[in-house]
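Please find the structures below.
The following pair of complexes shares a single chain, chain A, combined with chain B in the former and chain C in the latter.
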Partner chain A sequence: MNKVSLNSKHSLLEIILSVLIFLAAGIIMLNCFGIARFTQIRANDKVTAGAIIQSDFEIIKSLNSTNELYEFLNTYGTKESGSINTYTKYYDENWIQGSGKEYAVTIEIDDENTSSGTLININISAQKNNPYPFIKAGGQQIYSIESKKFFPSFGGVYEDK
Partner chain B sequence: MDRQNQFSFQFIFIMLLYLVIVILSVIVISLGKNIYDKINEDRNKNYELQVSLSYIANKIRQSDINDAVEIKDLNGIDAVVINEVYDEEEYQTWIYFYDGAIYEMFTDAGSTFELSDGTRVVEADLFKIEKIKDNLYKFTAVSKEENSELYLSLYSKAVT
Partner chain C sequence: MKISKTNVSVGMGGTLIITIFVVLCLMIFAVLSFVTAYSDLKLSNKAQEITADYYYIHGKAEEKLAEISDVLYGIDINEEMDNILKKLSDIDGVYVDEENFKLQYEVFGEENQKISVTLNLLHKNRFYYEIEAWNLSKIELPVYEDEIIDIWEGIE
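Moving on, here comes the complex of A and B:
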């Protein structure tokens, strides 16, 4: 009959140490998986937010007057008036507008009236309302673009319209 | 007898610890696999949705001069046509949706071609072009039941 020879005292200690090391490694690995997953989600959010913000800028670029601009801005759900007008629309976790408040896309509009027309300073940004788990750097802002558009009072390419 | 019992208890305990290691390994590997699969799936979906729209946007923006960009009907589907001149010869780049993908066809201006002649650029379930107003177009790409939209404002006022 075969006999099992085992130095149990040393072996037990070594195995407990191995389990502890394995647990530590496992926790680090799971943390890495978590970071990878949420970094991917954040990258996807950045792409989606980028498409939404760029589309809004393209729409603003195509507008011919400040009246058209404010008509477009009124399609945003929430408005806060002040020295800088703020318009916000909300999206759920699947980026569907109006069915949740997981993400917010905000337009900040600052008018500068001059004798020749109106210069509009525009800042569009997308934020996530709840922070990303596992990721500390970067904060909750996902994407932001700043630009200006000038609507001339007279003349310009849209005068004849 | 006691010594034998103690030995067998320690042996079982050691085996249990090994079992814990094995179970934890399986959990970690399975979690890793699931996360990797999910990341890959998201990446592919994102790629198909965004690459198609970015491709169209870049193609149009780089050619956005007067009369260069047109939206034309091609066998019942809307197609983006980009007119270019090389060495005083006129060429056209046609971008259209056909057979589950976005195709590009570079050809002499005015020549005819089959939809299948083009180069398959990126897979998509659907690709749609809508005219919102004179200089504003909406492009929609659908891939794996998810859709993505992009508005493009043309300086050149596309001819339709």
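Moving on, here comes the complex of A and C:
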């Protein structure tokens, strides 16, 4: 009958060392995977927020009067009036409007009356309500665009071709 | 019964080498996934910069339009043409095409893009404008040098 014996003294020491190395490396790796995942989510959020903001901006650009502008802005869920009017709509974590408050898209409107019309300062931004885990830099602002739109009281239309 | 005893030594370092190999592989995967995600973030940041710059110059062009509209609003329809043209050419950065009675101006962005605007000047009981062109274009186009390749022209 054959009897096999292992040198357990050496093996135990090695296993303890391996576990220690794996633990140390594991902490670094998990952090790295975590940062990578949330960096990817942040990049995707930027693309989605950009698409939503640009779409809203193009709608505003196509409007012909301040009345049409305010009619469009009333489709936004929340409104705060003041010297600058603020309109906000909320999205859930999958960027579906109205079913959660993970993301917010805000339009700030500041009217400036001129002698021949109204110049509107527009600031559209997207924010995340909860900060991204693992990522310290960047803050909760995802996307921001600033522009102006002039609504003349007379003329100003595109030439008929 | 005869018992034969065999001493098997796994050897110092076998487990350690396997652990280090696995850890290194996982480390490479972690770094690669981070690098991929970071490149995506850089790309979306760049896209955002260009988009924000476009809307900024669009806003500047609208601001200039408001300035022109105010000047046109202040012009009396019975004023002399020379006086009208002088008032229009006094607007900073605006070119007056006296022959066709048009105004042109450009707004430059920081991301190699500009908006060129052409306005037709019209009047009924007062002067007003009509947008003829509102074009976004590059400020500088890249210059590619022609590469001349000698090819065999065949036998005459």
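Side notes on the structure shown:
The working rule: the second predicted complex is superposed on the first by the 139 of 161 C-alpha atoms of A that agree within 3 Å, B and C clash if a C-alpha of one lies under 4 Å from a C-alpha of the other, contacts with A are read in each partner's own complex, and residues count from 1 in each chain.
Here, a residue touches a chain if its C-beta (ideal position, glycine included) is under 8 Å from a C-beta of that chain, and two chains touch if they have at least 3 such contacts.
Being a predicted model, the structure only gives us computed values, none of them experimental.
Judged by the touch definition given at the top, the superposed model places A:Thr114 against chain C, while chain B stays out of reach. In the superposition on chain A, A:Ile15 contacts both chain B and chain C.
Of the two partner chains placed by the overlay, neither chain B nor chain C lies in contact with A:Asn85. A simple residue count on chain A separates chain B from chain C, and the partner touching more is C. Within the superposed three-chain model, A:Leu23 lies in touch with chain B and out of touch with chain C [touch as defined at top].
In the superposed model, A:Tyr143 makes contact with chain C only, not with chain B. Of the two partner chains, both chain B and chain C are touched by A:Gln54. Residue contacts after overlaying the shared chain place A:Gln127 against neither chain B nor chain C. In the overlay built on the shared chain, the residue A:Arg37 is in contact with chain B and with chain C.
Of the two partner chains, neither chain B nor chain C is touched by A:Ser65. Shared contact residues on chain A (touching chain B in one structure, chain C in the other): 4, 6, 11, 15, 18, 22, 29, 33, 36-37, 40, 43-44, 47, 54, 61.
Those residues of chain A that touch chain B in the complex are listed here as 4, 6, 8, 11-12, 15-16, 18-19, 22-23, 26, 29-30, 33, 36-37, 40-41, 43-44, 47-48, 51, 54-56, 58-59, 61-62. By the touch criterion stated above, chain B contacts chain A in their complex at residues 7, 10-11, 13-14, 17-18, 20-21, 24-25, 28, 31-32, 35, 38-39, 42-43, 46, 50, 53, 133, 135-136, 148-153. Contact residues of chain A toward chain C in the complex are 1-7, 10-11, 14-15, 17-18, 21-22, 25, 28-29, 32-33, 35-37, 39-40, 42-44, 46-47, 50, 54, 57, 61, 114-117, 119, 121-122, 143-150, 152, 154-159.
Those residues of chain C whose C-beta lies close enough to touch chain A in the complex are 1-10, 12-16, 18-20, 22-23, 26-27, 30-31, 33-34, 36-38, 40-41, 43-45, 47-48, 51-52, 55-56, 58-60, 62-63, 65-66, 69-70, 72-74, 120, 122, 126, 128-132, 134.
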